[in-house]
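Next, two complexes with chain A in common: one pairs it with chain B, the other with chain C.
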Partner chain A sequence: MRIRFDKLGVVIAAIAAYAAFLAPFATFRANRIVPGEARSILEALPATTGPLLLAIVVAGALIALLKTPLVLRLAASVVALAALATLIGVAGSFLTPAGNTFARISPASGFWLLIFAFTLLLADVLTRLNLSPWARVGVLVVAALAIGLLLISGQWNSLSILKEYANRADSFWAEGSKHVTLALGSLVAAVVVGLPLGILCHRVEKLRAGALNVLNIIQTIPSIALFGLLIAPLGWVAAHVPGAAALGIRGIGTAPAFVALFLYSLLPVVANTVVGLAGVPRAANDAARGMGMTDRQRLFGVEFPLAFPVILTGIRIVLVQNIGLATIAALIGGGGFGVFVFQGVGQTAMDLVLLGAVPTVALAFAAAIILDAVIEMTATKRRVETA
Partner chain B sequence: MKAWLPSLLRLLLVVLLVAFVTNPGWFQPLLKPLTENGAPAIYNQGSLLTLTFLHLRTVLIATVAATIVAVALAILVTRPAGAEFLPLSRSLVNIGQTFPPVAVLALAVPAVGFGEKPTLIALFLYGLLPIFENALTGLTTLPANVMEAARGAGMTGWQRLLKVELPLSAPIILGGIRLSVVISLATATIGSTVAAKTLGEVIIAGLLSNNLAFVLQGGLIVAALAVLIYDGLSAIERYTARRMGQETA
Partner chain C sequence: MIEIEGITKRYDATTVVDDVSMVIEPRTIAVIVGTSGSGKTTLLRMINRLVEPTAGIIRLDGNDNRSQPDYELRRSIGYAIQGHGLFPHRTVAQNIATVPVLLGWDKARIKARVDELMTLYQLDPEAYGPRYPHELSGGQQQRVGVARALAAEPNVLLMDEPFGALDPIIRTKAQEDLLAIQKRFGTTIILVTHDMEEAVRMGDKIAVMDAGKLVQYAKPAEILAKPASDFVETLVGASEKPFRLLSLGRVSDAVEKGTAEGEAIPGDASQRDALAELLWSGRSALPVKGEDGKPLGRVTVDGLVKRAARPA
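Here is the complex of A and B:
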């Protein structure tokens, strides 16, 4: 029998081999800001688990390298990822000298590359399995639960990022809820304003080019500048409009961040509403008119449901973009996970940067997967209904 | 609207932009009301012209690198030999887009240090996605009869790629580059939070010293650059599309 190689598997095996044998698995630092010392897998783990992890990685890489059934590849990637996730915690407690609270153990490039290699394998398997939208959300939920369990069990408590968290547990959740409120709140505001505006632009052709051009230009203003520029007008409103200050509108802080995110969100919502409505088949509109539907009935009964998947795509773009942009709000005192990122950059404490960056990426990633699934469901539902 | 009005506005914008970055002193009276306590109205910790130049250079390097890599990848996954990677590359691009630029920037710092390098990495990664996506669309939606004719004429794979596929998808690829440049122009300002020399320096100096004039001039220069470059690239795109005999919207 001829041995056949999987092309992607060659890439994965190469990354895994480099990461497992040449790159450092964990970094040991005597305190949180000094440069770290590299530790390989065998140095970072107890005598029993180190070889075990190496064996799992080699087996996983071999399964990836050869042409193997999808189920086996799925199992290999899940086992390898689970082993890596649990054992990095073991490395943390193994490397920390007893009773030392200043030492910081963090995952190093080898760990991240191994995670990347096996996530690549998992992503490939999941893509090839062609999962239904529900199944994809299910995979997301299972992954989130597994990570949640690891966090609750305290398995990772000896890692540097969680030591940073332990010092800031209260502000972490406060900033986190500010971040989510900013991203979601500005999205809701943009949908409330953008949908009617999009419908108006669709109906009134004269308005369309002008409105879209203005929104396009707003997108070109760099986010940090837009955040800054809103400080003055909002400060003026707070000082001169009675009741505004009581509503929490102030020059610095959450209000300018909210308005800036709202302005950035308008273009995708309005543009996708226009594109979606323009894409409604003429025949559907003619039929609706022939049935004697009024303009309003046609809008809500025919045009809107047909344009819905396209509008949802706009909402997905906005939500993912807002979750990322909300990190910038920290620069003008608006809070959010960006607080930790910028503090970390300022103190060159990378664990603190990670404490801000990892939840942001996780949120954006989860939002993208969930909304993609919803978009696909509405699109297929429509196809089934019209078939 | 008269046909010449947009061109006139564009010309006016170019003149204003050049005048502002070369002789910012002329505009001092306009910006003075935005400052408080006699703070300087024009950025005084460096020349605006140099910063504009460095800003454009950063974006240019990142975009050229991103274009080369993205187009090469798109070509690879649309060949029979790389077809296996097509679905995976699509989902990777989707995942890549969920990484916020600030996070990429901050995470690149420990690997390469402060300054221009982390900014280049973030811009490069962020620029890849739109170009790759458009190149993929361009290369996978070529008219079947044209491809058939090229094959029938006895063209080899390389000839088809260089003489038929790439020229035909050039307008769409250019569209991706345009999108990527506009995103990069704005994102490069964030690079100044990790000490890159870009126009973001002016904005951040304004935020830190509560000087609105700085924030405004930094933001407006970047926005003007983005609008002009967007227009210029759109024109090139229309030109190539016409040469390829395609109708543009």
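Here is the complex of A and C:
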């Protein structure tokens, strides 16, 4: 029998091999800011589990490397990811000297590369399985539940990032809700303003080029510069408009962050609304008019439902973009997960940076998967006619 | 009855429709023929006010078509277009129900009408009603398009190249279906096409348009026999004239006394088909049978050839 290799599997196996045998699995530091010492898989884990993890990784890499059935590949990636997630916690407890509260154990490059390699395998399998939108959301929920269980069980409590969390549990959730409020709130505002503006741009040709150009220019302003630009006008508003300051409008803080995120969100929403409406089949529009629909009935009954998947794509772009951009809001006192990132950078405490960055990435990732699923569900029945 | 009086449409300096007047009798089919850019579609769209005329007046059963809001006018007039314009996000049944829903019919009445039309168009309401347009063939989509236009029982049906996107075999079938349905409901139909063959086949009267002007408006036989201008002559196609003329007549009108050998041709077939059959089989006469299958007589090559000659 000829041995056949899987193209992506070669890459996955190479990454896994390097990560398992050459790169450090965990980092040990005597306290949170000193440079760390690398520990390999065999050094970081108890004598029984170390070889077990190596065996799982090697087996998983081999399954990825060769052309194997999808079910087997799915099992290999899930088992490897589960083992990695559990055992990094074991490594944390194993490496921490008894009674020492200053020592910090964090996952090192080898661990992250292994996670990356097997996530790649899992993503590849899921793509090839061609899952329905509901099934994809289901996979996301299962993964979230698994991570949640690991967090609640205390399995990871010996890891540095959770030690940082333990010190800041209250502010973590406060900043988290601020982050989500900023990202979602500016999105809602952008949709409320952007949809009518997009419809207007679609109907009034003269407005279209002008409005889209202005929004394009805003989009090219770097975020920090935009925050800076907003300080003066918002400061003026706070000082001169009665009641504005009481509403929390100030030159720095949440207000300029919200306004900046809102401005960044407008272009994708407006542009996608215009493109979506322009893509409505001419014949369908003509028929709608010819059969006696009023402009309003045509907009809500024909144009809008047909443009909806494209508009949703714009909303997806905005949401993912905003979740990431909201991190920067911390720079001007806007709050959010960025607070931990910038504190961590200031203290050269990488674990604190991760405490801000990891939830941000997870949020953006989950938002992308959910909205993609919604877009696909709305688009399946609305295929553009071929005639 | 539709009266079009001195209708003109100008866009800036360009005159698209130039002082057109014509009367379309109730329960007939009027076909507007012309090359592209002749203004035929614009003329059609002025009847249901998708285009507002620059000058002139259009009366439907004596009422100025501007006497009610445009959307109400359009709900009372059927409208079918090339590429059918079905709503891709609505099911076949929902598509057909569009105008009845706009008019606020009750659910039972809408369902009954949709089922009636789908059955009429040989689409099983149970099987096809819940499907989406992209799941149908081109011919089925076209039928749904016409069914949708007829849903609110309009007296007048406007059709803009409704068969343009169909292949020849399905097109012939669609034309026959439309003729049958027009007879059944007595709808007044105004149909725009660039295909003279279709015009001769479908029209009780044909209006030929060129550069915005109505060049000739007459019965098909007269258009063929006495084209009003060189343009009409070209449109008719000089070499096609005798055959088009024959296609207007039924075999039963050309029956002579006597008998002939071979398979009989039905009396309601067109004289053109009879001539084709005679020429192809190399015979000089064919027996003709009536609807009941009884022999009516025969048609001969000589008889048909005389009928294909320019009328006096």
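Here is the rule we use: the second predicted complex is superposed on the first by the 382 of 387 C-alpha atoms of A that agree within 3 Å, B and C clash if a C-alpha of one lies under 4 Å from a C-alpha of the other, contacts with A are read in each partner's own complex, and residues count from 1 in each chain.
One rule holds in what follows: contacts are C-beta pairs under 8 Å (C-beta built on N, C-alpha and C of every residue); 3 or more make two chains touch, one makes a residue touch a chain.
Note that the structure is a prediction, hence the values are computed from the model and not measured.
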{"item": "Which superposed partner A:231 touches (first chain B, second chain C, both, neither)", "value": "first"}
{"item": "Partner chain in contact with A:61 - chain B first, chain C second, else both or neither", "value": "neither"}
{"item": "Touched partner set for A:302, first chain B, second chain C, both or neither", "value": "second"}
{"item": "Per-residue touch tally on chain A - higher for chain B or for chain C", "value": "B"}
{"item": "Touched partner set for A:373, first chain B, second chain C, both or neither", "value": "neither"}
{"item": "First (chain B), second (chain C), both or neither touched by A:290", "value": "second"}
{"item": "Touched partner set for A:95, first chain B, second chain C, both or neither", "value": "neither"}
{"item": "Residues of chain A contacting chain B in one complex and chain C in the other", "value": "none"}
{"item": "In the complex, chain A residues that touch chain B", "value": "6-8, 120, 123-124, 126-128, 217, 219-226, 228-229, 231-232, 320, 323-325, 327-328, 331-332, 338, 341-342, 344-345, 348, 350, 353-354, 356-357, 360-361, 364-365, 367-368, 372"}
{"item": "Residues of chain B defined as touching chain A within the complex", "value": "34, 82, 84-85, 87-88, 90-92, 94-95, 97-103, 106-107, 109-110, 182, 185-187, 189-190, 193-194, 199-200, 203-204, 206-207, 212, 215-216, 218-220, 222-223, 226-227, 230"}
{"item": "Complex interface listing, chain A residues touching chain C", "value": "281, 283-294, 297, 302, 305-306, 381-387"}
{"item": "Interface residues, chain C side, partner chain A - complex", "value": "45, 48, 50, 71-76, 79, 81-89, 98-99, 102, 132-134, 138, 141, 145, 148-149, 158, 165"}
